[in-house]
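Next come two complexes built around chain A: one with chain B, the other with chain C.
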Partner chain A sequence: MRKLTFPIGGVHPEDMKYSRGHAIEVLPLPPVVYVSVAQHLGAPAVPCVAVGDKVKTGQVVAEPGGFISAYVHSPVSGTVKTIGPRADIAGRPVTHIEIVVEGDEWMEGIDLSEDLVTEIPTDREAVLEKIKACGVVGLGGATFPTHVKLNPPKDAKAECLIVDGAECEPYLTSDHRIMVEKPDQIVVGAAIMQMVLGGCRVVIAVEENKPDAIAALDAAIGRLGYKNIEVATLKMKYPQGSEKQLINAVLGRQVKSGALPISVGAVVQNTGTVLAVYDAVQKNRPLITNVLTVTGDCISGDRMHNYLFRIGMPLSYIADYAGGVPADAAKIVSGGTMMGKPIANLDAAAIKGTPAILYLSEEVTRRKPEGSCIRCGRCSDACPMGLEPFLLNRLYKADDLAALKENAVQDCIECGCCLYSCPSFIPLLDNIRMAKAKVKKL
Partner chain B sequence: MTETILWTVAILAGLGLLLSVVLFLIAKKFRVEEDPRIDKVEAVMPGANCGGCGYAGCRAFAASAVAAPNLDNHFCPVGGNAVMKQVADILGYEVQEKAPMVAIVRCNGSCANRPKTSEYDGVKSCIAKASLYAGDTGCSFGCLGCGDCVAACQFGAIAMDPETGLPVVDEEKCTACGACAKACPKQIIELRKKGPRGMRVYVSCVNKDKGAVARKACAAACIGCGKCVKVCASDAITLENNLSYIDFAKCRLCKKCVAECPTGAIIAVNFPVIKPKPTPVEVKKEEEYA
Partner chain C sequence: MDKFLVSPPPHAHSPRTTASLMRDVIIALLPATIVAVVFYGWSLVLVLAVSVASCVLLEWAICKWLMKRPFECPEAAVVTGLLLALSLPYTTPWWVVLIGAAFAIGVVKMTFGGLGQNVFNPASAARVFLLVSFPSYLTHWEMPQRLFGADAVTGPTVLSLANEGGTQALANLSQMGWHPLFAYVGGSAGEISVLALLVGFAYLLLRRVVKIWIPLSIFVTVAAVSAVFHAIDPVTYTGPIFNLLSGGLVLGACFMATDYVTSPMTSKGGVIFGFGIGLLVMMIRYFGAYPEGVSFAILLMNMAVPLIDRWCHQPKFGREE
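Then we have the complex of A and B:
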């Protein structure tokens, strides 16, 4: 079978997926949860409960604050104690709804059974409305509201839905576990999205380091017998899970600078999102759970876990349940080593898109002193967008915003391949990120 | 040989002469008439080209001032009233005196007051740090300490104090151009009136967290207790979002709030030090008792 990948750039970090063999465990409920109203891209949701209100699991606690926004549901049943600012993982104050847990009584009408519902609904609008009402957002990293993404402009025709199961980030295994443990649900979810997009082709793209996931999905497609759904095996390369790179790998089409994937007829959805869509449409279950990986280079294999968590659980609670923060962890990251965000505040609550708690030791995380550019060109070779990071870095230092714009600094996807490949440890990505912010202000 | 050299010199000299005449004629024909007052105004400007006035540089300011009907919207913060007086004399306008301003740093979160909660080892720039997270202390509002304001100052008026980790403004050098205030991603630098003999009272904190949270993050934080608002006789202090602010226009520099503030977030600068009067203490010698 031909293995696909994107043609330019990319790097090959060691995949470090030590936790791939650990089945998903369900975390018990903590005494208190803190539900953030900003769990998605776009406008923060607006709380619609008051202090002292009793809420049930799955009840709406915050409503969308704009067109690009999403519903937020209570992950537990209990009493709303406070509504106010609380620090998120970056330490910035965000409105959180504090709920004291008093059990786990779900709202009526939510199907909690594990029975597979294979019948695909046919009413497109009703399905989109359900996805919106269940607060489904993209779980691949950007947390873009799914109902907006599945509703492309009328003149654009979706030709292919790509389900992103690449999981190219080192260490992360949550998508892998979902694909191994819930392949049927993912295939049904993909078939629902296929219906919404008007019966296009569906490709579930998985990297070759997950053969068990590929086999499970293949078997599920054979069992369920939906038409026009297939699994594609990708070569291992970072950043394959990035939208534009994945489209290029699967369809061989390039998305133009500044254009959306729908311009080449593609829609990309993460496996986690597809599962959330299945839960929302077939089971009426809002997005209040997700899978995260607890892993790192300073804990041993038996302390690594894949957890099914509820949103609003403090990360410190999850870390404590997993055996506490290891003493030699110098940095804790939410996500993988390449694009993960550092956790400045471990007391922050988990949100819909929290991918992992990653412990990194001093040795791997400490930055090495910056040297001079030796013009080796490795950053240009590594850039999957075909940019020249060394040049952008120099232009940023010279504060030449016009030239930065001309050299397409806005096309940078911040994957970090340049930084990863630089032998002089120049903080290319940091500077390009600042350059992007400056150019955006123009 | 000699002939060649002579010819060369002659041709080049002839060419030079001819082209200079052409250039002269072109310069005469396409001469741009410019108001001579622009040059005059520019000559009295400080020439720092800092952009503090809102124009691209001193010449742009001069051109705009000459074209304007009055000087109400033009003020050079660097030159101050003296320069504006000269500009007004040249243009024959009236100009109102403005109180001199100075940049103040509204954060007192020194290393001692504000313990670090994490270590930052990224690029040493406040903008980069602010784009990543709230900061390496518990306070998400205060100074990040990477010195973007120092880099922005063209007058060498701000320096980082290595002991406190906070920027310090040199009042003598500060021209109140506002470059530091623009460079600060946390907006902790404010342009404030210098005050009589430099005396001023201000709240040196921008933390909008609730009292307990703010106090936990920083020993010198404004906790929004409102004591200063109550004690102020001139209604100069307002409390909003757990943060008090002193309106300079109303403040009468009585310093009552400074004494009242439980965390020392309100700062009074340049006040003369009042020496406590030596109270006469009678020392009785033991012999007298004897």
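Then we have the complex of A and C:
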């Protein structure tokens, strides 16, 4: 079978997916959870409960604060203790709703059974409303509200829904595990999205290092018998899970600079999101759980885990449950090595899109001192957007904003391939990010 | 939490570093170096030792006392030293080698700002500097004693024969022990075995240290130009096989023209760069006063690199028509 990939740039870091064989484990509830109102891209949600209120699992605790925003639900049952600022993983104050856990009593009408519901609803608006009401956001990294993304402008026609199962980031295995363990649910979720998008083709794109996931999805598609849904095998290359690169790999089309994927007829949804849509539409279950990977180069395989967590659990609680922070961890990252967010505050609460707790040793993660550019061109070769990072770096240092714009600095997707590849450890991406911010202000 | 690092992604790095890339170039030069040492013996070891040691020591000294900054990548200086030694005859006196190394590092590399900043390839520039300063040491070669018994024989290079007397002069070359792929007698030390150079270059390609475009473009251009001229007048003009395999072409094309610092950033630029070098090499060989033109051609095209880079950009995602 032909394996697909994107044509420009990319790098091949070792995949490091040692936790791929670990089945998803359900984390027990902590005594207290802290539910952030900013778990999505866009306006923060507005709390709609008061201190002292009793809440049930799955009850709305914050409502959308704008068009691009999302509902937030209580992940536990208990009593609202405080509502106020608390540090997120970067240490920035964000409003959190503190809930003291008292049992786990779910809202009425939520189907907690494992029975597969295969019948696809036909009322598009009702499905979108349900997705919105359940607070579903993109779990591939951007946490963009899913009901907005599934509702493209009237004049645009979706030709293909691409389900992103690439999971190209090193170390991460949560998507891999859900594809292996819940392939039926993912296929049903994809079929629901297919209906919402007007019956387009669906391609579930998975990298070749997950043959068991590919087989499981193939079998599920055969079992369920939906039309026009297929699995595509991708070559291993980072950043294949990036929206534009994935569309290029699967459809051979390039989204023009500044345009949305729908301009080439594509909609991309992460596997985790598809599962969340299944849960929302078929089970009436709001997005209060997700799977994260506890992994890293400084813990052994038996200490790695794939956990089903509830939002609001402090990361330190999850880390402690998994055996504590390893002694030689120099950096803790929420995500993979290429684009994960550094964790400045391990007491921060998990949010809908928390992908991993990754422990990295000093040796792997400490940046080496910056050397001289030897013009090897590896940054340009690696850039999946076809940019010239060495040039952008030079233009940033010269503060030449017009030339930066001309050389498409705003096209940078911040995948990190340039800095990863630079043999002289020049902080290309750091400087390009700052250049982007300056150009944006023009 | 204060003991943990907090820095933006990416959080890991490719194992490739400038030093490791340069180490790969050194490894790639080893086959040719070893073959040359076997052929030429201790005299070449002296040339190699003087060249490499003076390049490294001089760069270290300039970094320490003049530029007052760390000596960043000694491996790069080793590469310059090796390339310079391999582009000289094994009979070059040690003090001439020393002057060449001092010019390569002191003038060509460090005055422009050191690693990554030089316009010209240091080894090529030093070779040309020595060629015009000490022509007698660089254009006439002694046949190595190992091959020809007791008496050392002094003779011209095959290219200077061709330059002076056309293809007729080459007729008796095979009797002199000339074989294109291996025992190429009379030339720079590194030119002794085209095969060894190509093996080294294949290693660089396999390790993805360099791309094939620059050397390929040089070889194709040299072959095409000499094929045309040879077809027109086979007596005056030497043919493609001879031109591809003789002189410093393989050494220059595979190891000097591919120098990161002094070659274009894009593959497209590399093709233009290689075309320019190939064309200039043939013009110098056919019509120039010097028998050999690879170093000159590389230096001339080095000057064009900023222009080529300005013109050649790689295709940008979603911006091509």
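We take it that the second predicted complex is superposed on the first by the 442 of 442 C-alpha atoms of A that agree within 3 Å, B and C clash if a C-alpha of one lies under 4 Å from a C-alpha of the other, contacts with A are read in each partner's own complex, and residues count from 1 in each chain.
The criterion applied here is as follows: a residue touches a chain if its C-beta (ideal position, glycine included) is under 8 Å from a C-beta of that chain, and two chains touch if they have at least 3 such contacts.
Please read these numbers as outputs of a predicted model, since none were measured by experiment.
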item: Which superposed partner A:323 touches (first chain B, second chain C, both, neither); value: neither
item: Partner chain(s) touched by A:342 [first = chain B, second = chain C, both, neither]; value: both
item: Touched partner set for A:21, first chain B, second chain C, both or neither; value: neither
item: Partner chain(s) touched by A:265 [first = chain B, second = chain C, both, neither]; value: neither
item: Residue contacts with chain A in the superposition, chain B compared against chain C; value: C
item: Chain B versus chain C as contact partner of A:93, first or second or both or neither; value: first
item: Touched partner set for A:421, first chain B, second chain C, both or neither; value: second
item: Touched partner set for A:385, first chain B, second chain C, both or neither; value: second
item: Contacts of A:85 with chain B and chain C, given as first, second, both or neither; value: first
item: Chain B versus chain C as contact partner of A:374, first or second or both or neither; value: second
item: Doubly contacted chain A residues - partners chain C and chain B; value: 342, 344-345, 366-367, 430, 433
item: Chain A residues within the chain B interface of the complex; value: 84-85, 87, 90-93, 342, 344-345, 366-367, 427, 430-431, 433-434, 437
item: Touching residues (chain side chain C, partner chain A) in the complex; value: 1, 4-14, 16-18, 20-21, 72-73, 76, 114-117, 260-261, 263, 265-266, 313-320
item: Residues of chain A that touch chain C when the two form their complex; value: 8, 11, 13, 170, 244, 248, 254-257, 259, 329-333, 335, 337-347, 358, 360, 364-368, 371-378, 380, 384-388, 390, 408, 411, 416, 419-421, 423-425, 429-430, 433
item: Residue ranges of chain B touching chain A (in the complex, touch as defined); value: 117-118, 121-123, 125, 127-128, 131-136, 138, 140, 208-210
